[in-house]
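Labels A, B, C and D are assigned to the chains in the order they are written; within every chain, residues are numbered from 1.
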Amino acid sequence: MADLFDCIISTKQTFGGCTELVLQNGALAACAAQGQFLHIQCGDQTLRRPISICDVAGDSLTVVFEVKGAGTEWLAAQQVGAVVNVLGPLGHGFPLVCGRILVCGGGIGVPPMLLTAKGAEAADAVLGFRTASREMLTDRFRAVCTDVVVMSDDGTCGKQGFVADGAAELLKKHTYAAVMACGPKIMLKTVAQAAKKAGVPCYVSMEERMGCGIGACLVCACKTTKNGEEGYRHVCKDGPVFAAEEVCWDD
Amino acid sequence: MTDLRVNLAGVMLKNPIVVASGTFGFGHEFADYYDLSELGAICAKGLTVAKKDGNPPPRIAETPSGILNSVGLQNPGVDYFCAHEMPYLKQSGTKIIANISGNTLDEFTELAEKVSAAGVDLIEVNISCPNVKCGGLAWGTQPESAAAATAAVKKAATVPVIVKLSPNVTDITAIARAVEAAGADAVSLINTILGMRIDVNTRRPVLRNNMGGLSGPAVLPVAVRMIYQVACAVKIPILGMGGVASGADAAELMLAGATAVAVGTALFQNPYAPIHVRDELQAYLEQHNIPAASALTGAVMPY
Amino acid sequence: MTDLRVNLAGVMLKNPIVVASGTFGFGHEFADYYDLSELGAICAKGLTVAKKDGNPPPRIAETPSGILNSVGLQNPGVDYFCAHEMPYLKQSGTKIIANISGNTLDEFTELAEKVSAAGVDLIEVNISCPNVKCGGLAWGTQPESAAAATAAVKKAATVPVIVKLSPNVTDITAIARAVEAAGADAVSLINTILGMRIDVNTRRPVLRNNMGGLSGPAVLPVAVRMIYQVACAVKIPILGMGGVASGADAAELMLAGATAVAVGTALFQNPYAPIHVRDELQAYLEQHNIPAASALTGAVMPY
Amino acid sequence: MADLFDCIISTKQTFGGCTELVLQNGALAACAAQGQFLHIQCGDQTLRRPISICDVAGDSLTVVFEVKGAGTEWLAAQQVGAVVNVLGPLGHGFPLVCGRILVCGGGIGVPPMLLTAKGAEAADAVLGFRTASREMLTDRFRAVCTDVVVMSDDGTCGKQGFVADGAAELLKKHTYAAVMACGPKIMLKTVAQAAKKAGVPCYVSMEERMGCGIGACLVCACKTTKNGEEGYRHVCKDGPVFAAEEVCWDD
């Protein structure tokens, strides 16, 4: 169950402009599920930072993140052996579905899709990057997916184009039980459109600034429609994963 | 054995540590972490007559040693609270404070009646929310309107009434005296200080609502000052809050004049914060051979 | 080449970075670290008609991301300043702002005459010092008295007049509008927020004066909010301050509406702070291809 | 000249309930004088912490301090090899006088007297401690002083009694050019009285909470009388060392 855990950093690498940390904590790893996130204390920042779980193996969890501001800068500066305090695993992740799924990741939205792909009966992946130097984790996706399509904005790796383009192509080729996506809002929206066109259920992982991370403070609002009623649900508890058709995209 | 109990406007709390309105939801989320009966009291999320969606996101921004929020009183409405949240809260083993916000005096009356009937132990009247267009802060910046809201609630309430004061005023003692005269059984302070952050890359305010309320350790010295000023100005007890993150912080607010202390923003770094604050306060009392927490209230020795 | 110059009420500053009154003395101490001509302007320590000893120590307390001070306007008096400090400041190669504090309107007049005659470039009227018994904050909390002080200074001053506003008010725009109507050429904000700390071991306030003024990064979000509000309410330029510790902070205050920005408390951690802030601001402007610092003023895009 | 310096911690020990750090910085060491202090950045505390210079040798400066609150706690947690940022050397230290001097230190006021004793033509020392477990640096004083008298509040080390008692005794035995003292205010006051009785000039190092450390913010006020005029002077710039007869003791 979600709780506070001290994790030791066991390995650290950088790739694709991101930092990967492997965190050791058996109790935490034991209850982590695909699409959930960790709320990480970064030095003495007033707020924790939400970072998705990229992978889980035995006693360890992997997170991959980009340095954006003071919090991620602190986290990226931690060395192997350091202890980081984590609240988690949090949130409502990607559903477990029967059958073949399509995972779509864009940029820093790529890492969380790895555990999701691994958990599926069968999976294909579309991974989008700005440019070749930002490409990451494609090997690990190839190890667990059947088809892996890499897209880039500038054509320097994989095919030039958007993730939704790649998704539309695969949706024509195969029959999927679901599409699961994480990335920039515009990517999620276009992937959701492609899935809808193909008549496949789509789940998307949303981002919003967070306070408590556990559903109590109501700051991480995301406008959704549920049972015909429009209103705010909360990324940290109701999400981060929502059914794409429930998300109000133009809010 | 240190006696942690404190008497807040006639209601005995088993310890002085309360959780602040809006930072603890209706308690469910924290029950996964500890037994809610460990708390002195739970102050529930602010309620309005009708369900309220609150402001669009982003609703939170970080500041040095603090945060800004602009939730805007998102809540399911008082009827939902009474029907669906109170049954759970009532059996939590601690005292329940309903936090109410009206747009009109009639709304305050309605809210007070309904939460009283639902069995809350205390009512906190929010006349200080900086994040809503009507109501909220508008009530709390003038002695007359603050007194009017207090009187409306008092008339309808069957339990003690706490009035929550805004720090965004020239003279908080004038407001405190006005609500005391209007019958308030206690005051709570401070609500958040109005603030703003701008993202220098996008030139956009960080909050979609442009401004929001500042809370967290950054405001602690303002809370201490205002509690001290109000304690000198009125006789009714004070529920103190603003930036409390440790037992020493709680003791500081109590020395300044608070009978009990609420923990808010600190919950975002650590859901166990109120439990730690309580334990640290107890250790402080033991270390200083103070037999009862209540002995701290107002015990500062000013120069 | 980025143009760092800004025009503050008719006075051209070579860059927008000013040092805040009371945190830079009369400049001598910092001349050991860098050439004072690097600064946009120096705002000198607050002056009164007669020499003032200030409050007894301790005069400073630390708070989360901030400090409290209760110096209480210790200064050698305006005559000493004009005779012994101005000659040095005048040849420092930057603009000089005198900061003046009167107990009566006559004192404001006298102070304005004397510092004008001594050749300062601008006068900052302190109607917001929380640390003195008479004068100070008392002037700054009501529109009428704020306007009266402004008018008295304006009548006597031969240089542009900046009125320094207090954040300890319910509606800072009302005060800003009042001083604008009374002839102020600019406003500066924020002065310190009244706060208090208590030592939980001794039960004594940390400051001998019990209360003091809060400054430093903790107050930045309040400064941004008030600058934004005032910029929307008046047409005169704003000298912004409150918690600035980096070029991004300075840019944030400028986007909110400030023409120039003062650095105060940050000097206590690093005497080079204003130089670093200036360099970081310049780097920010270059990175965003903004040719002139002045383009930032009020350029926030509110929702 | 005083400036900002990064210093590497080259050695660290604890004794007498205190932490000793040896800081490496040649430029800083080159200009440090007896009785001056360093304004040390302790983590991200808003204010620096003033700590006296205990000793200077070659490229290194020694400081000895007690953990009181968050700042000194941070400093005491730093390890050999860590870098601390120092503003200094600051203040107006003990004067250089010709002839034999008596240095008096009480508690955490003991360390700053070491460099002062070393700098004298000849020196004796009275060192006071609460109890034996707080005793420190006496060997180092013995190496540079002729007479070293240790006093303790409870008689567990040296003689039982106050520093002023020991000072009064030595003032009877020898002729001194000056008495120099650092310690709690009550000790300074009583030592100053003893020196006055003996007709010997006395200099005392005062403490006050500080902001800038360089004389600009006027927070570190100490009431003194100079040329008949009572007023505040400033511990960071006019002091920390003042002539004892100028200090208004009962303020």
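Note that in this section contacts are C-beta pairs under 8 Å (C-beta built on N, C-alpha and C of every residue); 3 or more make two chains touch, one makes a residue touch a chain.
All of these numbers come straight from a predicted model, not from anything done at the bench.
**Student:** Compute the shortest path length in steps from chain A to chain C over the network of touching chains.
**Tutor:** 2
**Student:** Which chain is most remote from chain B in terms of Cα centres?
**Tutor:** Result for the farthest chain: D.
**Student:** Quick one: chain B and chain D, Cα centre-to-centre, how many Å?
**Tutor:** Between these chains, centre-to-centre, one finds 47 Å.
**Student:** Based only on mean CA positions, could you tell me how far chain A sits from chain B in angstrom?
**Tutor:** For chain A versus chain B, the centre distance works out to 36 Å.
**Student:** Roughly how far is chain B from chain C, going centre to centre by Cα mean, in whole Å?
**Tutor:** From the centre of chain B to the centre of chain C is 33 Å.
**Student:** Where in chain D do residues touch two or more other chains at once?
**Tutor:** none
**Student:** Scan chain C for residues touching two or more other chains and write them down.
**Tutor:** 61, 63, 65-66, 216-217
**Student:** Taking the touch definition from the header, please name the shape of the chain graph: line, ring, star, complete or other.
**Tutor:** Shape of the chain contacts: a line, open at both ends.
**Student:** Once the touch criterion is applied, which pairs of chains come out as touching?
**Tutor:** Listed by label, chains in contact pair as A-B, B-C, C-D.
**Student:** Touching chain C in the complex: which residues of chain D?
**Tutor:** Those residues of chain D that touch chain C are 1-4, 41, 45-48, 87, 208-223, 231-232, 237, 251.
**Student:** Touching residues of chain B toward chain C in the complex: what are they?
**Tutor:** Answer in residue numbers: 61, 63-66, 68, 141, 168-171, 193-198, 200-205, 208-211, 214, 216-222, 224-225, 228, 243, 248, 251-252, 255-256, 284, 288, 299-303.
**Student:** Name, in rising order, each residue of chain B that touches chain A in their complex.
**Tutor:** Answer in residue numbers: 22-25, 28-30, 32-33, 45, 53-54, 56-63, 65-67, 69, 71, 74, 216-217, 265, 267-272.
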